[in-house]
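Okay, got some structures for you below.
Both of the next two complexes hold chain A, though its partner changes from chain B to chain C.
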Partner chain A sequence: MDRSSLSSRSVQWAFLALAAGAWYLATATGSVSRLFLPPPREVFTALVALVQTNAFWSAVLVTASTVAKAYVLALIIGILAGYLVSRSKLAVATIEPVISGLFTIPITLFFPMFILFFGVGTGSKVAYGATYAFFPIALNTIAAFANMEQRYLLAAQSMGGNRWQIFRYVLMPGALPVLFTGLRIGFFICLASVLGGETISSVAGVGRNIALTAELMEPGRMFAWISFVVCMSVVLNLLAFSFENRIRAR
Partner chain B sequence: MASLSSATSTPAASSTPIWSRFARSPFWLRIALIAAILLLLEYYGRFHADPAFMRPPSAVVEAFFTSVISEPKIVSALWLCITEISIAYGMSVVFGVAIGLIVGATKFSRAALFPIILLLFAIPQVSFMPLVILIFGLGPAAKIAFGFSHGIFPIIVNVVAGMRDVKELHLRGARSMGASKADIIRHVILPNMVPSLFTGLRLGMTLTLLGVILAELYVSTGGVGYYTRVFAENYNPAPLFALITSLAVIAIFFNEIVRIAENTLTPGKRRAPRIQSKSVQK
Partner chain C sequence: MQNNQDKIAISIRNVTQRFGDASQPDSVLALDNVSLDIKKGEFVCLLGPSGCGKSTLLNVVGGLFKPTSGTATVEGRLVDGKPHPDKIAFVFQESTLFPWYTVIENFHIALKFQGIPKAEWDDRAMAALRAVGMASFARHYPDQLSVGMRQRVNMARGICVKTDILLMDEPFAALDEQTRMVLGEDLSQLLAETGKTIVFVTHSLSEAVFLSDRIAVFTARPGKIKTIIDVDTPHPRSPDFMLEPKFSELRNECYALLRDEIRATMALQRDPQAV
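Entry: the complex of A and B
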């Protein structure tokens, strides 16, 4: 590690320390209401108490299985639809603007319809998360397969590659980086939308518990839930990035 | 698997020239596709669907006039929503560009501060929504705050990315011709940033809309969220769909303003890229 990256690391650690110090000081001096920002120690003890309860793990399980179902649905439909559209230039020109145009509208608008159709149970959250994640996955699948360099395909064809070989050795390796970007964005949109759906209207799950502890005015437990979500998303993000870099490097 | 040649060849069109022109035009095909979907919904909604869950598009249009636009309370809730989006977006642009310029200013500030911004951007903000409501109350302030906290990040990220991606050749060219540091910022770095800035402004608008709508739906005691809940709980889908469609039209309107501004103000008339519009953000 050279000197400049060492000093930029130290700025990052200083920022973290500053944030933590500000948190501690603001709560210790009582300048911020305990309701909006409980002291770090209280949040930590609440988190430790929380992970020892069964209710915590069942809520996490509900959210995890909802995200998993929604993501798998979006994965299958998004990749399939994206690949089929990418096979024809006319289909790309016709359908791609519709999908990207719809994606700029917050799909959250349609959440009341999901509740109407699928009820307040996990079904509506699966459908909502899958719908939201479908868009980046389909768009990136189209981009990955439709923007392939024609030279490579022609070269593979002229060297006598059959369809399967071209798919396996030219299309797939060329498309994977862009495809994986879509899969990563799709996953985190899926996670956020399931959490959001649970927060707005549901009966179980992590999002429901954040909303519930806020309604019950239990800031310690609410911050414990929030910090759990924040830590999980940071870990998942780091995993996704390192996975994506591995794919790129190959 | 479809054949590879189909990706390059034009599809078969019928023999009449007008038809073949329509069948090859993406624009008309798109119109036809949307019309077909609407017709299908109309047919299904009219003859097969349970009226407690779904109504045909014609009934939704009717409900728009009879129970959305004619209700002064709903209209004022929609206006309030538009105001919230405008204020939240205005704040996102001002603070986003300012913070972006500070973070992107030097190589060191980028290396030190940009990872912090990216990390904050990666956190699902929706988990803070109940807290935001707790702090700012049930009124418009919470919705503006939540829209702002969503909209600011893509703007910062794209401003920094635009300042980072200056070609070394251009910098060296300017320096060798005796440009001062201020000259370089004014004539090289800022113009280079413009396309990326507009990408950020576009994504910022999308996320501002998301933040405001999320908070609106979560607070179901007033505003638009109240009416969506009332219509959904009374199994009255026609006005619900009409209200949602009006909000979607508002969202499209805001997005179009940003896109038109982008297309007219970007030097070199580079059209906004539509493919991968989301994947470039991180």
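Entry: the complex of A and C
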């Protein structure tokens, strides 16, 4: 790690420490009601108790499998659609603006329809998460393949590469960094949509439990669930970034 | 000419290239009925003002596209708008080294595309890299090299595939004068050693005179060959060639031929209706 990334890393840690300190102070001085924000110690105790229950792990399993299904769907459809669109200039000019236009609509508005179509079970959350994640994946796939510099393709052609070889050795590796950014953004949108969907209307999963503990006025347990999700997101994000960097460095 | 057929490497016959529909006012006639024969082992420069269609002609010979009319034949085979990678290698204006591969991997890809057995890849690549003095950079990524080094490697990649014909589209355009001169010497050396046929597009008068056996001077758009100048000095040429009176005479001759064409091109750029 060089100097500048070391210092930016320490700023990030300082920010985290500051937020934790503010949390502690706000609750210790009693300036924020325990009902809205319990002190860190209470949340930690609740979290330790929570991870020892079976209910916790079955909820995590429901959410994880919902996210996985939604993501794989979005991945397949998004990459396939994006690649097909990228193959024709006309398609890029006409379809790409439509996809990016649709992406600006808050799809949350249609969440009740997902419930109507797919029921209150995990099916609606799979469909909802897949729909949301489709957009960044498709858009980045189009950008990755359509913006390939012409000179590389021309050079590959003049060297006698056939269509498959040009795809495998030129188009694919050239597109991978941008493609992967889409996959990363898509994953976190998928995660957020599934959790959001579960919070609004569902029968199981992490989001459902957060909504439930809020209704039951159990802030300690609610924040325990939330801190679990935050920790998981941070870990997944770090993993995704290190994977992405490895792809770029190649 | 007919009995010399076997010595002709590239034969360009009545090539006309129009971009856009002829009935439209914005269509551009890039090449107007150009014919040229290039002998085996010859170094021919296409020299002309920008936009005169010299790169277009190179792309027609390389089979990157089909001309509006006319034909290009390479070693007796009609090019017909398809690349012939077994006969022709291209070196483009900008480095076309794939940035996601190391230098040596770039060579491997080129050799793989040409269908050359894997066992030969390393030897060929290293020989070509040694020829341009870049052997120690084989494991570097293109981004880790300077522009001059990249273009050196790019040129070496064109050489390593061992086609008889090398088409070079302003390969030194992005380089500084000094690097250009050194690479020019390398190229002259290479020509003497390998006997490749090279067609080289350039703006630079000195480059054209230093490298060419013959210089095809183009007119402003629509491009036609105005004159062909012979440079009767054997390869490899040493830098001393540039100090000979013959060198400046030829350079001046090229300049005199080009001057009016450059003015015509500039007038065209200022006011499209002028010509």
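Quick note on the criterion: the second predicted complex is superposed on the first by the 236 of 250 C-alpha atoms of A that agree within 3 Å, B and C clash if a C-alpha of one lies under 4 Å from a C-alpha of the other, contacts with A are read in each partner's own complex, and residues count from 1 in each chain.
Keep this in mind: a contact is a pair of C-beta atoms (placed from the backbone, for glycine too) under 8 Å apart; a residue touches a chain by one contact, two chains touch by 3 or more.
These numbers were taken from a predicted model, which means no experiment stands behind them.
Partners chain B and chain C, brought together by superposition on chain A, fit side by side with no clash.
In the overlay built on the shared chain, the residue A:47 is in contact with neither chain B nor chain C. Looking at the shared chain after the overlay, A:169 reaches chain C, while chain B stays out of its contact range. After overlaying the two complexes on the shared chain, residue contacts for A:157 are found with chain B and with chain C alike. Touched residues of chain A were counted for both chain B and chain C, and B has more of them. By the touch criterion defined above, A:181 lies against chain B but remains apart from chain C after alignment on the C-alpha atoms of chain A.
When both complexes are overlaid on chain A, the residue A:4 reaches chain B alone and has no touch with chain C. Between the C-alpha centres of chain B and chain C, as viewed from that of chain A after superposition on chain A, lies an angle of 80 degrees, to the nearest 10. By the document's definition of touching, of the two partners only chain B reaches A:230; chain C does not. By the touch criterion defined above, A:88 lies against chain B but remains apart from chain C after alignment on the C-alpha atoms of chain A.
Superposition on the common chain places the nearest Cα atoms of chain B and chain C 11 Å from each other. Put simply, chain A uses residues 157 to touch chain B in one complex and chain C in the other.
Residues of chain B that touch chain A in their complex: 1-4, 6-8, 10-11, 24, 26, 29-30, 33-34, 53, 107-108, 111-113, 115-116, 119, 122-131, 133-135, 202, 205-206, 209-210, 213-214, 217-218, 228-229, 231-232, 235, 237, 240-241, 244, 247-248, 251-252, 255, 274-279, 282.
Chain A contributes residues 151-152, 154-162, 165, 169-170, 173-174, 176, 250 to its touches with chain C in the complex. Taken together, the chain A residues at the contact with chain B in this complex read 4-5, 7-8, 11-12, 15, 35-36, 84, 86-90, 93-98, 100-101, 103-106, 108-113, 115-117, 135-136, 139-140, 142-143, 146-147, 150, 153, 157, 163-164, 166-167, 178, 181-182, 185, 188, 191-193, 195-196, 199-200, 206-207, 210-211, 213-215, 222, 225-226, 229-230, 233-234, 237.
If you check the complex, the residues on chain C that touch chain A are 62-64, 83, 85-86, 88-90, 92, 94, 96, 98, 100-101, 109-110, 112-115, 161.
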